[in-house]
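A, B and C are the chain letters, set down in written order, and residue numbers restart from 1 in every chain.
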Amino acid sequence: MIIKLENVNYVYNPNTPFEQKALDNINLTINEKDFIGLIGHTGSGKSTLVQHLNGLIKPTSGRVIVDGIDTKAANGDLLKVRQKVGLVFQYPEHQLFEETVYKDIAFGPSNLGLSEDEIYNRVKTAMELVGLDFEKLKDRSPFELSGGQKRRVAIAGVLAMEPKVLVLDEPTAGLDPRGRDEILGRIKKLYEEKNITIILVSHSMEDIAKLVNRIVVMHRGKIVMDGETKEVFKQAEKLEQIGLGIPQITSFMRTFKEKGNPVDDTVVTVEEAKKELIRFLRSKKNA
Amino acid sequence: MLRDITIGQYFPADTIIHRLDPRAKILITTMFIVSLFFIKTFLPYLFILAFILLIIKLSKVPFRYVLKGLKPLMLIILITFVINIFMTKGEVLFSIGPLDITKEGIRQAVFMALRLIFLITGTSLLTLTTSPISLTDGIEKLMSPLRRFKVPVHELAMMMTIALRFIPTLLEETDKIMKAQTARGADFESGNIIKRAKNLVPLLVPLFINAFRRADELAIAMEARCYRGGYKRTRLNELQFTKKDVLALILTTIFFGFIILTRYL
Amino acid sequence: MVDEMIRFENVTYKYSTGGREKELVAVSNINLSVKKGEYLVVLGHNGSGKSTLAKLMNGLLIPTEGNVYVNGMNTKEEDKIWKIREIAGMVFQNPDNQIVATVVEEDVAFGPENLGIPPEEIRRRVDKALETVEMSEYKKHAPHLLSGGQKQRVAIAGILAMKPECIILDEPTAMLDPVGRTEVINTLKKLNREEKKTIVLITHYMDEAVEADRLLIMEKGKIIMEGTPKEIFCQVDKVKELGLDVPQVTELAYELRKEGFNVPCDILTVEELVNAL
């Protein structure tokens, strides 16, 4: 299943004194099994772009095609689009509303008109995917849970719709390192075990580097870079120019190489750096 | 995006009317409303109209904004007009079926409709030229003598201020929650009135819960900044009457006094 | 002691939720001394008690056992509590839920207004505070239109206007983007170095801890590690066990050490590691 954005432009408040162009000629294709990291400053257009993917926002001009459905044309089919593309907003725990965890997660599937049995299966599976104990928590009020648990309930609520594409907007916002590792670990597991495409919007280069295989960089409403993780992080100067960075470990390797040490400076994780440095230092010893 | 909403139709500008102390404007508007109810004949309405036109000119508010204030109440004006035209007894001019239209009826209908129009326009001009926060400050200052009667004037004003401060924030949050629920297949648009009310639950529950949480956090933050009610509290911008305000009050008092007197002449 | 800003003597804080559950202990047996002019960072994962610690510092919470002294004043003394909050100001995590007024300068004035300061003096304090946090041009703006980082700076200005000696910040950057975080941390550094304010920063971001004078790590309501950033981050294993992060270069240095290479343990930045190798 593919999502295509063709010449998409989006303007907020057109013809008013508050007119603002949020998306400028966006052309993007999202392929099956992509794991994309979407990076860019606040105001670069990331949120606007992401909301076009499930038809929450329709382009001022241009087209967004989700699995063959044009989001501007079809009116009844938007529900289908929202089933195919699941969108988890920032601080998703703020949207919880039901009396029990079960009912809240069931909200999505019941909007899809599924049977009670099917809904039961969906909720159970979704809770397992996010690591919540089904029997223990299904009848609890979501508001009694901890912040991290609430967030997982919210994510489960989207997973229960069994989307083919999952978009997560800063899923680790406000979490401590342990909470962050837990959520990212589950996202990675989800990607590896299910046939799902993931788009991760994040500010953390380190997190992105560990997970994604493709990076899309946005700046002032335009896509300025789109490529494999390592390729994008190679262009450190360009990223710095638009105010973004690269993982600290990559920055270190580049600096180290500049000092005259022949190492591979395209590494993006600590493990890779470790292996590369060990190789280099041992070879130096033996020299 | 509902980012820059101007609440209560305030039209920002820097005119002599805008710069008047809000208390003066509130008092003038009150006199205006009271005097309207004393008027019995059409002639004083000409003076009232002249007054309104003068204020509109001085405040640089575009005429269409003033008319916009009338729009939502058009129905009431119409109903008043119709009721008066048909219900007033007197010299019948012509009839439509069982309903009579009398000479007195026409006069009464026009008179009442005009009174309503002036009432609405006058109040609109107040809110068009005074920001909500100014109004709150003005009302608080005016009501402060009531503190002697244990009326929580300061607390009411503080509630008003905080409410005004959070309106845009809450609107933004409503937007976010609506989008999040729509992404899960919620439908806020179709269905009959009962269905649509039910569909609002996924929007209202989180909104209320978040509002309570906000209130909690805000209260703690206020306490950390030594807030302890209105006792011995000072203000950065104390409202102070200037010569212009006093002059405006004197002139308008004379004007409206004169208008009221026309009833007895 | 004259140059002691805050002192905790055997402080324990217990609370109960809803009555039917037994009492929960948020912090237990805390002994702590914050020096005037210090830049202290308190790290800990969510639930470690660090937020409770912060609220105990300015009397928002009163210890169940033990005593907290701010500039020599005991937070249990009701008549001193307002003076305590005046000299120990606090900034919270959510930028929106601290702003009370509809205009930036009026919000900054909120603190002084509560203290009954005369209007001309309030004016002076508000202007100076906004200047210090570099938000003067937004004086008459509506706060809801500001970015997260800007809102937090306004909140800091609001505290500065009360002329505190110490500023306690409870995870002030948790809800901000990287730009906002940098703005806030730079402001704090400036306040510590130039205005000589004592800063107590509660956070879980280790990159905010590397430049502290002293670092405390909390776990299950107790202070379990204390020292300079270098001393603490040396113990990579222990820090990670506590659910916290270390800078990537520190982790790399640690991994290399494990493989037998002679790399010093107090590496915190890229430059340090480059020079070491």
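Criterion: contacts are C-beta pairs under 8 Å (C-beta built on N, C-alpha and C of every residue); 3 or more make two chains touch, one makes a residue touch a chain.
What you are looking at is a predicted structure, and each value in this text was computed from that prediction instead of being measured.
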item	value
Pair joined by more contacting C-beta pairs (B-C or A-B)	B-C
Relative to chain C, chain with the most remote C-alpha centre	B
Chain centre separation (chain A, chain C; CA means) in Å	31
Whole-Å gap separating chain A and chain B, where each centre is the average of the chain's CA atoms	46
Interface hub residues of chain B, defined as touching at least two other chains	3-4
Contacting residues of chain C [partner chain A, same complex]	45-47, 147, 174-175, 177-179, 204, 243-245, 247-249, 251-252, 255-256, 259, 261, 270-271, 273-274, 277
In the complex, chain A residues that touch chain B	12-13, 18, 51, 54, 56, 79, 82-83, 86-87, 89, 92, 94-98, 107-108, 111-112, 143, 157-158, 161
Residue ranges of chain B in contact with chain C within the complex	3-4, 132-133, 161-162, 164-165, 168-169, 172, 214, 217-218, 220-228, 232-238
Partner chain A, residues of chain B touching it in the complex	1, 3-4, 173, 176-177, 179-187, 201-202, 205-206, 209-210
Complex interface listing, chain A residues touching chain C	41-42, 146-148, 173-179, 203, 206, 243, 247-249, 251-252, 255-256, 259, 261, 270, 273-274, 277-278, 281
